[in-house]
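Read through the structures below before going on.
Heads up, the next two complexes both have subunit A, just with different partners, subunit B and then subunit C.
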Partner chain A sequence: MEIKQTALAGTLESSDIQITLSQGSNGIQIELDSSVEALYGPQIKQVITTTLQAAGIDNTQVKAVDKGALDCVIKARTLAAAQRALGTVDEPNWEVL
Partner chain B sequence: MENLFAQGTAVDIPAVLENRDRRVATQAHLLTPGVGAVVAAKLNIPGPIKNNATIAAFFTRQLAAFEDQLLAAGISFLVAREWPTAATGPERFYQVFAPAPAVKALTTRFEESQPFRRLFDLDVLTRQEGQVVGLSRADANQPARTCLVCGRPAKECGRSRRHSVADLQAAVARMIAAASAAEEEAALVERLVTNGLRALTYEVVTWPKPGLVDPVEGAAHPDMDTFMFLDSSLALRTYLRQCGQAGLAAASARPQLLFKQIRRFGLAAERAMFTATKGVNTHKGALFSLGVLTCAYAACWASARPVTPAALQAQVKAMLVDLTAHDFKALKQKQGPLTAGEQQFLKYGLTGIRGEARAGYPAVFEIGLPTLKAATGKTNERILTTFVALARHTADSTLVKRAGGPEILAEKTARFTKIAAAGGPATPAGRQLLLETEADFSRRHLSMGGTADLLIVTLFVGMMEDML
Partner chain C sequence: MQIREYNLRLPRYRKRWQAFMEHNGIHEFGQAELAPIEKTYVWEEDGELAATGSIAGKVLKYVAVCEKFKDGGALFNQVVSHLVNEEASRGRFHLLVFTKPKYVKSFGYVGFKPLAQTDQGAFLESGTPGVSDYLANLPHFERGKTAAIVMNANPFTKGHRALVEKASAENDQVYLFVVQADRSVFTFAERFDLVKQGVSDLTNVVVVPGGDYMVSSATFPAYFLKSDQEIGAYQAELDATIFRDSIAKPLHITARYLGEEPTSKTTAAYNAALSAVLAPQVAVKIIPRHTEAGEIVSATTVRQAILAGDQDQLARLLPPTTLTFVKENFADLQARIQKKGSK
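For the complex of A and B:
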């Protein structure tokens, strides 16, 4: 499946990861920016790829800015971005909270 | 230590992430024009339990110290938003009206100022070209955060899950316990200062006191009035705090050194007193004794709790062991005018307040405190009853000085014994005799200043024991 719209999830807070998905047609392409890239780059990319595939996405450009997120966080943020990109959930409006 | 993490609601990752989104949105929302920076304050607490009453109290009390630092730096701020009881952890957002780099320097200093403040995460955010950006520790030339348990870079340990949640929680619990110990110390010093000031001011407002100033009558001391005593009392706040802190810090040091240290504070306190009274000696004796007791109490508290009167008295004796020997030995060489106590030692061999102090204030512990404890009625009557008991048993050097010789002591004892025998100040007969004695002492300019000092010390110890 390809995505319908560019979508973003996550923040640049420490222990978080910000995932941006945009349209692509050459499989799952990941551009990763992480302070622990040397040690954990492949593992982070693996978690993102697996999560996107589970959500049914196999063509997308991924921009990931990692601030030391754990795998469970990477998974949750990737899934949220995928759902937004597919138009399955609305973005919450925090300004009104 | 009871388990810090036994209370509280466990949060899952979606809740934490949702809260993080809310935090980021809140930060952007609060960065309005005119606001130099937003400080987002939260705690780094690993594991599923991130808040409970103890954690929230730690957060609030420590942030009060951070706010004091902002105020001291002349930086104004508003608490714009907070969720102190959220299961995801207590958070507070400040709008700060100062340049972001200056704010970052303060937040970093706060985080590094105590080992347990390492649990705080004070993010500083500002706008650059319309974008919300956070100032990193690197911007403030600070090293990256280290792991709570082992000191490696926190991100590495977090990513690899090197430590168990239990180990991380144990580290957090130790830090919060250390913080409460520091807070308890600060609260003790506060209580010592408050009770010291209460004792000083309670003494002066108690009426009628023969030979002393009270709000109604003070002809024995025409150069003083109640207001001057209140001013003089309040001038001793810094001194009492110093004595308390010295006592806490020096629990293991030699007690005599502790006394030498606070004696220096006492000289500054005397100057503060003379400034407040425009040169009148209102509290010289009281400040000596109250300082010693304040310091001794703090030292006892630091080594064993609760502080017993016996332990307090032993500490006082240990601190003052050299007092009479040292002071009176040096008299022959002393330059300048001698004090009343010094003159009386040379003339009559009376050791005065020094002897009383060195013996561990037996008048206070054996007469004053038991009398105060047993005394009933209104506060004024209880204090007067205590005063009469102390007056009977004290060789008051101020009285000897004013009367011009120690013969006055027998008359004094006879008068106060009669007041006690008549039923004490709480009875009409006793009160009448007390009023007559006050009028007589005022006419003869006789002073009971030494007894007043012992009364103040008695009230202070009684207040620490919750008698008043």
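For the complex of A and C:
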């Protein structure tokens, strides 16, 4: 599915992650900012990528500012951003989670 | 902790907010800074102010957290987070911050990247499209001598034309950046169009929008004030640093051409700051003002001539392309100038 508009979900508070999705044409490109990047960077990116693919997004620029979010939070924020970006907020795709 | 919205137009809120800002070391409350503010939020604890932040277009302003709060870092993140979400709900995802150097780190933790830093101030951005997207959309030149001119061109005159001709003759290619902030009598679209038409015969000149990076209203509100007002020298310095590090370097620009400024204090101070900051990486060439029949050509004079309805003077100062546009929109322009004052 194509991204219709840039969208954001999440906050910058402790244990949360802020995900911004914007239009891209070169696969899923993730720019990650995290204090635990050295340890968990690959895993955070993996969770974001899997969630986006499950939501049917193959091309997007992702900006993620992580404040130590757990995987379930990363998934939830990514999905929220994806639905806002796709304009499908009214028809949640629960199976993605 | 409770979040509230403050209306700074109400004196009692304004007073309380300003006292808090001053307590935290911010002392600039000029009209140019305050007027663009759309929303101001404060965080209160037991009726006491703990933190505040405001939004003005895509710019986050007046962010402050009281030192008394031990978990100031978490509160700071909460403030920025709230502002970023407010901006997102308005459809703005590319954000700018102009702050003191000591806060660069704090903004760095929440995803902001510094574009330029001087001793007094720093300029950061976050989100898309950022400076790399901006640069990617410009043509790139791998060889030859590349120069740049930044102009507001409000509107494009024979003086601007002379400056561009000189740069065009002395270099292999010239970037002509048109200031994008829409704060002038002529809109950005009009100014951009007139510049494009006015230099269409010079094949090595590319006319491009200045984006948020050249004389941005975020860094440089004073530029758009009346010219008799003093500007913050540090703002000019910051603007010059952005140009040197984020624009000139990646585009291989080795010279910047400026028009000499005998009358406007603002522009004169801006030119002085550019000369101080850009060299030696970028050579600064100040070209004497172009004159027509002994009269200095400036956009300010043109706007005055439009107001006075002096057709002969306009014909002397403007190239045919701009003259045609001015004639076609004469009454409308007069009304706009009257409303805005001479700027």
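In this section, the second predicted complex is superposed on the first by the 89 of 97 C-alpha atoms of A that agree within 3 Å, B and C clash if a C-alpha of one lies under 4 Å from a C-alpha of the other, contacts with A are read in each partner's own complex, and residues count from 1 in each chain.
By our rule, a contact is a pair of C-beta atoms (placed from the backbone, for glycine too) under 8 Å apart; a residue touches a chain by one contact, two chains touch by 3 or more.
Since we're looking at a predicted model, the values are computed, not measured.
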After lining both complexes up on subunit A, report clash or fit for subunit B versus subunit C.
clash
Is A:63 contacted by the first partner subunit B, the second partner subunit C, both or neither?
second
Which of subunit B and subunit C A:40 touches, first, second, both or neither:
first
Which superposed partner A:15 touches (first subunit B, second subunit C, both, neither):
first
Subunit B versus subunit C as contact partner of A:77, first or second or both or neither
first
Return the chain, subunit B or subunit C, that is in touch with more residues of subunit A.
B
Is A:6 contacted by the first partner subunit B, the second partner subunit C, both or neither?
second
Subunit C region in steric overlap with subunit B, selected from 57-65, 93-101 or 291-299
57-65
Subunit A contact set shared between subunit B and subunit C covers 11-14, 35
Subunit A residues within the subunit C interface of the complex
5-8, 11-14, 18, 20, 22, 33, 35, 61, 63, 65, 67
Parts of subunit C lying in touch with subunit A, wherever the complex brings them together
74, 77-78, 80-82, 84-85, 88, 91, 93, 109-111, 127-129
Any idea which subunit A residues touch subunit B in the complex?
10-16, 35-36, 39-40, 68, 70, 72-73, 76-77, 80, 92, 94-95, 97
So in the complex, the part of subunit B that touches subunit A is made up of which residues?
13-14, 17, 20-26, 29, 121, 123, 134, 154-156, 158-159, 161
